[in-house]
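Some notes on the structure that comes next.
Letters A, B and C name the chains as they come in the text, with residue numbers starting at 1 for each one.
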Amino acid sequence: MSVLVNDSTTTAAERPPAKAPGHRRAWVFTIVAGVIALIVNVPLLNAVLVSFKPDGEIAKNPISLPTSPTLDHYANVLYASGYDFPRFFANSAMIAVGTVLLVLVIAIPATYAIVRLNFGGRWIISSASGLRLLPAIFFVVPFFILFSTLGLADTIPGLIAANTFLNLPLAIILLSSALGDIPQEIEEAAAVDGASIYRTLGSIVLPLLAPTMVAVSVLVFIFSWNDYLFALVLSTSSATPVTLGAANFITSTGIRWGDISAASVLSTLPPLLFAVFAQRYLVSGLSSGAVKG
Amino acid sequence: MPPTVAERPRSSATERRKRTTAAVILSLPLILFAAVFVIYPLASGALTAFQSSTLLDQSNEPNGIDNFVSLFRSDGFAKAAGFTLGFSAAVVAIEMVLGFALALLMNRAFPGKKLFFTLLLLPIMVAPALLGVMFRLLLNGDIGALPALLDSVGLSVSLFSPDSVVPLLVVLDVLQWTPFTFLIIYAGLQSFPKELLEASAMDGAGYLRSLTSVIVPVLKPVLFAAFFLRAIDAIRTFDVIYVLTAGGPGTSTTTLSIYIYKTAFESGDFGKAAAAALVVLVCLIPFVPFIVRRISSTGMEAKK
Amino acid sequence: MRRKAMALGAMVVSAALLAGCSAGSNGSAGDEGSGEGTVKLVAWPGPEGDAMSKVVDAYNAGQGEDDGVDVELTLLSRQDTFSKEAALMASKSSDVDIYFTASYNIGQFAPSLEPLTDIDTSAYFPVAAEGLTYEDELYALPLDVSNHFLLYRKDLTDALLSDPAAQAEYETVSESVLGEKRAPKDPAEWDLDDFKVAAAYFSKSENPDSPTEYGTILQAKNLLYNTMIWNDVLWGYGGNWEEDGQAALTSDAAKKAVELYADIYKNGWTSPDSAQAEFPETQAALQSGDTAFAIQWSAAFAALNDPAQSPDVAGKIAIAPVPGGKTHVHALAVSLNKYSENKAAAKKFLSFLASTDAMTQYAQAGGIPPMPEVLEAQAAVNPAFAQVSETIDENGFSEPVFPKTFQAYSKLAEDLSGAWVGQTDVDDALETANANLQELLG
């Protein structure tokens, strides 16, 4: 069995070391990647800069570093503005983590049943994907009515359900594509050994799917952390997430640039931490390691 | 091709029943969730499309195809569809190419790789609704850093003038979402069979040739997945454009989502908004099975 | 195929079970309630929300105790408040008892609101109360008035008026812009032609010696609030939306009003970026010192005059009536949700809000209440109060209230914003806008 596994799933996480480039050439890639990373992050870097500037300086010195840096905007976000941001953050965290878990619990077994056990057939994947094609606005009012009926309006479980709804297609598409890449022989070998379908799924398939599960988790976490429209309609006060809380700095007398920048910077940190944590699995290419182990 | 599990000669009737039971049990969470949170909203939304449901008339009386008639009587919907398709095609094409290139670039060891990998993913972690506001500040001609920076090197730009606003929106979308295609393609590259690459290297094939003849074909499902996921989200583009232009000047940057949002929340015509969404769905759904087949090809085709 | 059928069957059965459980809990017509308990109220962030929050606190600690009512204020972002309310109304929700409304959407929201009876409106500006009356019933209590002013750099206009060389240059600019030599005037006396000449004079593209990059900033983004500002110009030229129920946007006045925007935009007397400008961009343009003057909302003045927020221009900005002498006026307001299940309690709080005491608290907390008496008494709180009072009396107009007023604002912004920035033909745009307005007028 180990021969079979090694043959078919050895991967090229890194470029073949046989052709390992010289040290100097490697630094070229560091510089290129650094420049690209800088460019795509200009808006966020600007937000970081602005978040430390007093109000007067924001309009005055667009590019310079803050001459008298302030933490006022962070204070406003965290406690001073009268908005309960710590709770908004807790709500967002519960919503995002809950959504990740629910999406995985629903999508993994179902995708396995669809792809491997021919359950329902591809039309389920197709229709699930089709759902994501509909603008969220289409569902906003029906969801609202449904949630009021079920008592889920303005609750964390309600927003978890809504975000699961939005992100299931993503998970099913990515998982079914990954499942397609896993050679079926492995599962057949397990079946020959007498393992039940559930055990095959749990101990053979899951580890093989791990990198994709991590990728899906990261994406679902990000998307549900960043959801705005559903949160707008489905929460009023007790389930308000950070994205919606930050919008309070868009006032009828203008945008409080410093405060909303600080809120944006802070609200980027949790998904970032999650991705850093998950990155170990993504970058080292868990796929090969897991199978061998 | 080896026989698949389903075709194995020793599968008996009990075996098949077991597999069916397992399939139902494993799908149960999805079925229950779909029953509660998909079928009802979908049916209710679809029903709304055939009802008179506005803030002024909440009778919800069936009104046949009135909503659809009013949708097509003015050119707003068609224009929004045209802009959305053009915009989506542009951004998805660019993001696929750049995301693929970035994935290939990052698919090697170099100093600082872990750090830059994370930094490259950072843009998708900023909520689009907030990112739009960040762009409004960054790009502001009076107090924004970018115009000030360009100004200091003698370049005077007006990013939001009617001629430059569409290219600007494309660039902003590419900046935010290339990391997404990059992540998916990169993840796909991680399970790329090494010996294939080595074999093509032994053949003496150039990098470009091994790219087109080995890497792309093998990665096809992943590329399709990245393309599809990005495409369906591009077609739904809303936040950043809405915050920056609200669809204008005129309707020149109105996407379908903005059109539907305005129909529902500004005009208060939920019936017409639902009709518009339904038309979008009906027009796009035929493409879905075609693409899904390609995404799950390796696994699914083996059984046929 | 069989499995497919099974899967589908399973879903339909579960959905049917669910539908059975959930049927019939919606669409009740609200309830008076016990007259006590929690009342939920929505507002948007900004001076109105801040002031309201203080009034609510005071009520809860004082009269609310006696009434047995506890008011809970929820702030939604400015851009989403009405969207959220529309979604709540469309689903006949009882979540919120008191909605945040305005003169411009009262017609659209009225079917979901409970008319307010027994409210004495004599203390309000008549224009404010009238703007909230729809089919002879009052659907909202006025809370805060908004109008426009010309906000201008007094240091720059003073310099112009005291420097003969600059005046000569101004006259040259005037000749090339209007074809006639006009001397500079005090901004309080500007008409729309003076506005145009001054915009040119204070722009580097026309006058390289100009102290500012651009004369003015137009708010030309496709946004309903920007229609309200353009309306000042339309009314200022003697135009109107409609005459006797007939849309009147193909008038000469309407054409002149669009052309004024387009001329200013195309000649570079406003930043090219003003194609996407609204309130915050206008503030930024004035704050940065790049722009000499703008037609802007009354609420903008405080921030521009605050040295902490606007170090470059604080103390240099002054207020004048909008050139042309007309300003849009609307009232932000509070309304009772028809589907509220605690109407009696909500009404207690609304009666409190309608009192001059409550509105005095509101003014002291930073709002601009629509009661002339309170504004006069509280002139010490905000020096702009006197001017607001005077302007609304003398220059204020309000667009007709009809069910689709809100849509009309949005539609006009959509139809005209291209022409404002010279992207589409003026006559075509007005033609389209007129037809659409006619349809919305019904």
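We take it that a contact is a pair of C-beta atoms (placed from the backbone, for glycine too) under 8 Å apart; a residue touches a chain by one contact, two chains touch by 3 or more.
No experiment lies behind these values; they were computed from the predicted model shown.
When C-beta pairs in contact are tallied for each pair of chains, A-B comes out on top.
Among the remaining chains, the Cα-based centre furthest from that of subunit A is the centre of C.
Taking the mean of the C-alpha atoms as each chain's centre, subunit B and subunit C sit 36 Å apart.
Measuring from the averaged C-alpha position of subunit A to that of subunit B gives a distance of 14 Å.
Chain contacts: subunit B has residues 20, 23-24, 27, 36, 40, 136, 142-143, 261, 264, 270 touching two or more partner chains. For subunit A, residues that reach two or more other chains under the stated contact definition are 59, 118-120, 123-124, 140-141, 145-146, 150, 247, 250, 255. Within subunit C, the positions touching two or more other chains are listed as 3, 6-7, 83, 87, 90, 280, 284, 287-288.
For subunit C in complex with subunit B, the residues that touch the partner chain are 3, 6-7, 10-15, 17-19, 82-83, 86-87, 89-90, 92, 108-109, 111-112, 220-224, 271-277, 280-281, 284-285, 287-288, 290-291, 403-404, 406-407, 410, 413-415, 417-424, 429. The part of subunit B that touches subunit C in the complex is made up of residues 20, 23-24, 27, 31-32, 34-36, 39-40, 43, 53, 55-58, 136, 140-143, 158-162, 165, 244-252, 261-262, 264-268, 270. Interface of subunit B with subunit A (complex): residues 2, 4-6, 8, 18-20, 22-27, 29-30, 33, 36-38, 40-42, 44-45, 48, 102, 105-114, 116-131, 133-138, 142-149, 152, 175-176, 178-180, 183-184, 186-187, 189-195, 197-198, 201, 221-222, 224-225, 228-229, 232-233, 235-236, 238-239, 256-257, 260-261, 264, 270, 273-274, 277-278, 280-281, 284-285, 288-289, 291-293, 295-300, 302-303.
The part of subunit A that touches subunit C in the complex is made up of residues 54-57, 59-60, 82-83, 118-121, 123-124, 140-141, 144-146, 148-150, 153-154, 232-233, 236-237, 244, 247-255. By the touch criterion stated above, subunit C contacts subunit A in their complex at residues 3-4, 6-8, 22, 25-26, 40, 44-49, 53, 72, 74-80, 83-84, 87-88, 90-91, 93, 95-96, 279-280, 283-284, 287-288, 297, 299-300, 302-303, 307-312.
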